[in-house]
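As structure tokens, here come the structures.
Across the two complexes that follow, chain A remains constant while its partner is chain B and subsequently chain C.
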Partner chain A sequence: MDVASFVLPFLPEVVLLAATLLIFLLDVLHVRRTEIVGALAVAGAAVALLLVVADLRFAPLASLATLPAGRIDAVGSPTALFAFTSLGLVFQGVFLIATLLVSLASVSRPSDERGAPIFFGLLLLATLGMLLVTVAADLIFLLLAVELTSISTYLLVAYTRRDPRSLEAAMKFYIIGALSTTLSFFGASLLYGAYGTTNLYAIRLAAGPVGFPVLVLLGYGFLIAGLAFKATLVPFHAWAVDVYDGAPTDVTAFLAGGSKKVGLFAFFLVFLAPILFVRTVGGGSPFTGAAVGLGPVFQLTLGVLAVLTMTVGNVLALLQKEMKRMLAYSSISQAGYMLIGITVGTAPAIAGATLQIFAHVFMKGAAFLVVGGVAALGIGPLVDDYRGLGTRRPLLSVAFALMLLSLAGVPLTIGFVSKFVLFSAAVQAQGFFVWLAVAGLLNSALSVFYYARVLKVMFFDPAPAAPADRGAVVGASGPSILPAGGLGYGRAVAIGLSAALIVLVGLYPQPVLGAIQLAAQHFVATGA
Partner chain B sequence: MVAAFAIVGLAGTRLKRLEWGGWVAVAFSGAALVVGVLIGAGEMLDPGRYTVVQYTWLHLGPAPGVFPNGVSLVVGTLVDPISALMLLVVTVVGFLVMLYSIGYMHHDRGLPRYYAELSLFLAAMSGLVLANNLLEFFLFWELVGVCSYFLIGFYYEKPSAASAAKEAFLVTRVGDVMFLLGIFLYFSRYALAGPAGLGGWAANGFVFTNGNQPFLASSMGGNSTLLTVAGIMILGGAAGKSAQFPLHVWLPDAMEGPTTVSALIHAATMVAAGVYLLAVTSLFLGFTSLDQLVIVAIGGFTTFFAATMAVVHPDIKRVIAYSTISQLGYMVLAVGAGFAMVGLFHLFTHAFFKALLFLAAGSVIHAVGTQDLFKMGGLRKPMRVTAAAFAIGGLALAGIPPFAGFWSKDDILGSLYSELGTHPAYWPFFLLAFAAVFLTAYYIFRAWFLAFSGDGPRDPTLPHAHEGPWVMQVPLVVLSALAVGSGLLIFWPNFDTLLLNGAGAAGIPPVFGTSDLLLSAASVILAAGGIALAWRLWGNGRVFVLAPTSAVAPVRTLLLNRYYFKVGYDWIGTRAVYTVARAADFVDQFVIDGTVHGFERMFAGLSERLRRIQSGLVSDYAAYVVAGLLAVFVLLLLVAPYLIATVGGK
Partner chain C sequence: MTDLPIVGFVALSAALLAIGVFGILTRRNFILLLIAIEISMNAAILNFVYFGAYLGGTPGLTGQSIAVVLVGFAATEVAVGLGIVLALNRVKGTINVEKATELRF
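== the complex of A and B ==
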């Protein structure tokens, strides 16, 4: 087989892999300064992102009529391990943006910090796994790619090897993750028992399950539980708060902004077929024995999970006193909104969810980057510690405020557009999906309470009596910190870029939205 | 034109560091005034002109089977008779209040913030009235809400101001969520499920265009439940913004903000946005008849309910605030009964005389440094301009001809009266609104007599009163002229046509001149009676103290700090008012506040219980995973098939 034709489609992945290996190689050679490995990671992610964007730009997104060619092969073959879909490309872009922002911000960390190569190397490795998830066409390939991401992130959480909180978080993450992986693979094996294949296209094309039909429900049930771990759906979310809290904040930014979306995309891939393609399970109803359509069963189940997730996440976020934990719960609730997309299963809904996921990188990922930067300034972890930040760090506070407002779905931000597209898609679908939109709206209203509290603390409460200018002290103590108001240029750029995009895309969403909508139409019409 | 307004707001916020930022803001609002008057005049000279400018903001779909052609959301402006009328109100009052602020606010700190926020508010409000679709309308709606929040909390060092700002924000937020739900419901009905040929709606989502007919029953297949619910949701949004029962609680407390803000935002413009929303919805979308009844009920009840509370209040600003709620109730009532243009006419006149009352009150507060009516007295001698202005505003509010309020209020009552034959269900609300005429005249002249009549202040420690600087007096004079003249505009044929065209655009026959002469006479007599009673009780420095009877005393001590003042009532009739007022207050404080606090407690408790689940033990987490797995199985295998089998389909 021609090597070039096999490698070329994977160019972004190859670039990432090369950067990863280079970083680890430099580590062995004792080249460990944050700036150097960080720059390498930034460059790797940036080049990969450019390749993806170029693909998106020149790929046949422009017309639905033309069948995708080249790197994009929307119609998978029933035997292929992977298929390139335009929605997958969009997600690759989202993941790479998250990686780029996090690595950009992390370049600003102290240059002699221990473990910098490990951090950046694992970051890229996890990203590699995420990119592979987006091209998966086979359940086993998909789960293995998810696993590559998971293992890298377990290690990322504990990369400092010092902080007992991080270690504990990593252990929890690992144990629950391993349990979930087991469930996922068990589900896949049950589906194999039902269909005789693990290829997602083949499952879609199969006329019906062979053998015992309840195997299908059981198999997908296990997969829901396994993937819900990654996507932090309630009640599979409990690890997330401790891990988000215990992990180094930049890692948390990556977990919330990037790797968690892997679980959601896996939901898209795995559940699109059973939801869209009407199959009935004979004797599916235990009450009547009548045949029941599979699609509505999954939609109802996922709908319940979505509402549960957003509600529990929001209600718990109300009571948090620590910023990181509050954002962690808010992140859980956002996963509930995103799940609406696949639950409804129409192209507009998937587009809405994808836009929400895209937005979430800038809102939540960047918010964690702000929290990391604020901690580096010597300001405490509690919400109340942010008192008076508005007067002391006006630009940073305004950027943070934009992120929170966008999370709350306030108009003129990207968060409003994404929620609007998502909820209106649910309303369009009629039926019980309208209630999903209603639940989402009510939850959005509820969430305003805790976001507004942070705004109030930042802008209206007076600063604490002893103005914590410890940031300056830290800055004076060594070369570690950091121009650009103590944040470091990289972090300042990452935060500024996110805040700017929140407003820009909020004001003029059409380019991004249009691409996502086309990709979603491809996905629903022809993709897996 | 639109750009001009954007520049006004943005430039206003940019100039905050300048010493003379106030004058800059005045200059910019002056420019806005010129544009507003030009647009208004343009409409008046050529009634029925429509100008639309728009571009596509985002495009949804197309999605096979969901919506075949996709839906575009547009951003744009629509200048039509209604928006021109509103724009005139916003720019005129906005400019006068800006000018007045120069004198009124000069003692305060944080002035750059004040002018920046006020400029931003004016820009947002202009955007709101010019919006050509519901979604854009909603964006500006939120923006004016935020400005209102900031301005109520202007004195944020004062805990009561901060909490009032928060209350206003949260209560209106309830309305906003309902509004958004309403938009979605209309969207799902019209943009998606509507028959072909719905013009702007089907193709463009939420656009108001000339010739959009209300699609109501005829085209949409009867009074569907969905449309009724959508209408109620829109009403909820309007009730939040316009402080209608049961979401009225925030407006009186919003008086913690500077008086200028009360005049502009909480009397003339922003609170009227709710009425404007209802009017626009009724003209472009249409309400079902059940919706109309609910709207009439809410409006009629609020009119009376708020007036009773105004009757007893000792705080000059809060009396006027309750009065605003009550007057907004009249407008809601008119719109609900199908007379959108009549409601907007009252909005138009009310904006001027209510801003006048607030600015006059501000002048008094500026002079004597208190808002307590019972400390004031005899102010007509040192403050002749203010006293006259307040009196003119009061006469307009009370509905004494030829002042502005008479024409518009009379139009509302007359229109409603003409509907009573076909809608007997409107009777009780007509009577409530009619009775409120008496209360209105009474409470506003009670305030006037307490503040201005008599020989001198009841509290001798008050500083010697004096009239404000010219920048404060000029707006009073101009608004006084408008409070007299704006109602007379109805006799100018072009203005009449303007209103006619606004209504005609939607095919609803406007009703003017149906005022029953007898009805008019009755309401004027009623108003005069109210003034006379106020004179009898409070005129010439008199103060009435009602000895608490044993029957009401315990209830009163239980309930009222608000009403437990040196307030007295005449023994005729007033005791009934008193009881009703207290009943109203009971509903206010216990039922509504109680519900709100109940929800608060419920969420706090729920949150606490859920937090205990977060034990931090990894074995617990694993157990949740397994429990969750079982729950998923139960859902997949039992619950979902059962529901689908019984309910059928999705």
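== the complex of A and C ==
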């Protein structure tokens, strides 16, 4: 195999790695200005995103019409470490957009004396791990890629290392993360013992476990627990709110918009295939078709987790007084909606979940960017502190309102389209899945209460007597870049782009939805 | 296939995992917590070694090589943990995880 044919499929990853190494090299050379390093990170993420979009546009979708009959081998092979799927490419796009938005917003951060290269380098390194997750065809490779993301994000959370809250969040994140990693690897080791391989396709193809059926159940159980921690599913969610609250807000945007989706995509890879198999090939007694016979068990488990996650997240969000914590709980409940798609496992449901994950970057990720910007304006962390923001910062408030409305699933926004596709797919799938859709709808209705409360506070409550807006503006947004009304231009652009996309895709979803639906059909058709 | 008493070995690593997880949940000293994390990680690594020896041949070699990779990974993870401990000690003057709580549920 020549070098080019090995490197070419990994071009986005290589670009990202090159940008990361360049940033760390600049750090050694004492080039640490936020604008230079940040621009490099933005450029790296943008180039990688263009490569992914170009790939998505031409390569895998074109081959959809001519899928070979030998379905599994079409995408993965029982010995490969990597498999390139169009759904994986869509997720690469989602991850890179999240990185792009966060690094754009952070370009105009106040310059820490030497922190900028570390911040942006770790951000790109975490993204590299996320991209590698999407091409994984091997369980160990998958888990190691997840860990590349996790370890980078532990450090990102601790980035403001003189802030005790940030350090405490990093400590909790690290302990819980390490525990979940251990559980995942233990589960993987049991599956290896049962099947004699760690390749996801080979596990699916295996006629049955080699020796000990109980190893399979235990192995998958440990894997569900380990990955559920990463994806913030209830009952493994308790860490998320403290970490999202204590982390620097831009890092929170990255955690919510990007890195937690890694856990969800790992669910796609590990559990969706057995679920798909049940539908296409028909069930069977457990263990006859390797992991295949476990499909119904997974569906029940994931369905229960999805309903729990939605409900607990929403109810606790209702009780929060702080903006960041409220958004964090709402982020947990959104993970529940996404899990519905994996549980149902039909092509429309997968498309709905993927669109929901795509939308979540613009809704929740950007909402955290707004919260970070508002904090830089000197406004407090409580929901009540946002009183009168609508008159003081009309554009910012409208953008924030759009994100919240989209999170609530109001028509004409991207959040409505994704929930519509997702829930209607669950209803179409009949049976037990209809109840998932009902639970999702009830939860959406419940969530309107806390989003509406923010809107009311922003637009209808009078502003506090002395606007705290004025004093903090100049100092907080960095000395070297002209502040766009205190936010910084990068953040303003990131927020504006997100708000525009929420409306644009909400009004005219076809291009994005069409690509995602094709990718989902491809994924289902190849069982990969 | 060799005649290793595989069930006994798996029981051993399950015990190691239980000890490690118990330690993670109960220890208050961050350094001891890191040790607990290492113990539980080693349970997974040992599993790969046993199963590799049990399976033999090429599938067996997979397990052995994964074990080596995971040893490296575990070291990386603990290095990051130690970094967080140092920063925590500098700011808070303690490495007791219970004394470092301001964020509330």
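Observations on the model:
Note that the second predicted complex is superposed on the first by the 484 of 528 C-alpha atoms of A that agree within 3 Å, B and C clash if a C-alpha of one lies under 4 Å from a C-alpha of the other, contacts with A are read in each partner's own complex, and residues count from 1 in each chain.
By our rule, contacts are C-beta pairs under 8 Å (C-beta built on N, C-alpha and C of every residue); 3 or more make two chains touch, one makes a residue touch a chain.
The structure displayed is predicted, hence computed values, not measured ones.
By the touch criterion defined above, A:Thr197 lies against chain C but remains apart from chain B after alignment on the C-alpha atoms of chain A. By the document's definition of touching, of the two partners only chain B reaches A:Gln430; chain C does not.
Residue contacts after overlaying the shared chain place A:Met171 against chain B and chain C alike. Shared-chain residue A:Asp242: touches chain B and chain C both.
In the superposition on chain A, contact is made by A:Glu147 with chain C only, not with chain B. Using the contact criterion defined above for the overlaid structures, shared-chain residue A:Leu412 touches chain B, although it does not reach chain C. With both structures placed on the common chain, the touch criterion links A:Tyr220 to chain B but leaves chain C unconnected. When the shared chain is aligned, chain B comes close enough to touch A:Pro348, but chain C does not. In the superposed model, A:Ser189 lies in contact with chain C only, and not with chain B. Residue overlap on chain A between the chain B contacts of one complex and the chain C contacts of the other covers 171-172, 175, 179, 238, 241-242. Interface residues of chain C, counted against chain A in their complex, comprise 6, 10, 13, 17, 20-21, 24, 30, 33, 37, 40-41, 43-45, 47-48, 50-51, 54-55, 59, 62-63, 66, 69-70, 73, 76-77, 80-81, 83-84, 87-88, 91-92, 97, 100-103, 105.
Against chain C, in their complex, chain A makes its touches with residues 140, 144, 147, 151, 154-155, 158, 161-165, 167-172, 174-175, 178-179, 181-182, 185-186, 188-190, 192-193, 196-198, 210-211, 215, 238, 241-242, 245-246.
Of all the residues in chain B, the ones that touch chain A in their complex are 56-61, 63-67, 135, 138-139, 142-143, 153, 156, 162, 166, 169-170, 173-174, 176-177, 180-181, 184-185, 187-188, 192, 603-604, 606-608, 610-611, 613-614, 616, 618, 620-622, 624-625, 627-629, 631-633, 635-645, 649-650.
Partner chain B is touched in their complex by these residues of chain A: 171-172, 175-176, 179-180, 183, 214, 217-218, 220-222, 224-225, 228-229, 234-236, 238-239, 241-242, 284-288, 290, 292-293, 296-301, 304-305, 312, 315-316, 318-319, 346-348, 410-412, 417, 420-421, 423-425, 427-434, 437-438, 441-442, 444-446, 448-449, 452, 456, 460, 508-510, 513-514, 517, 521, 525.
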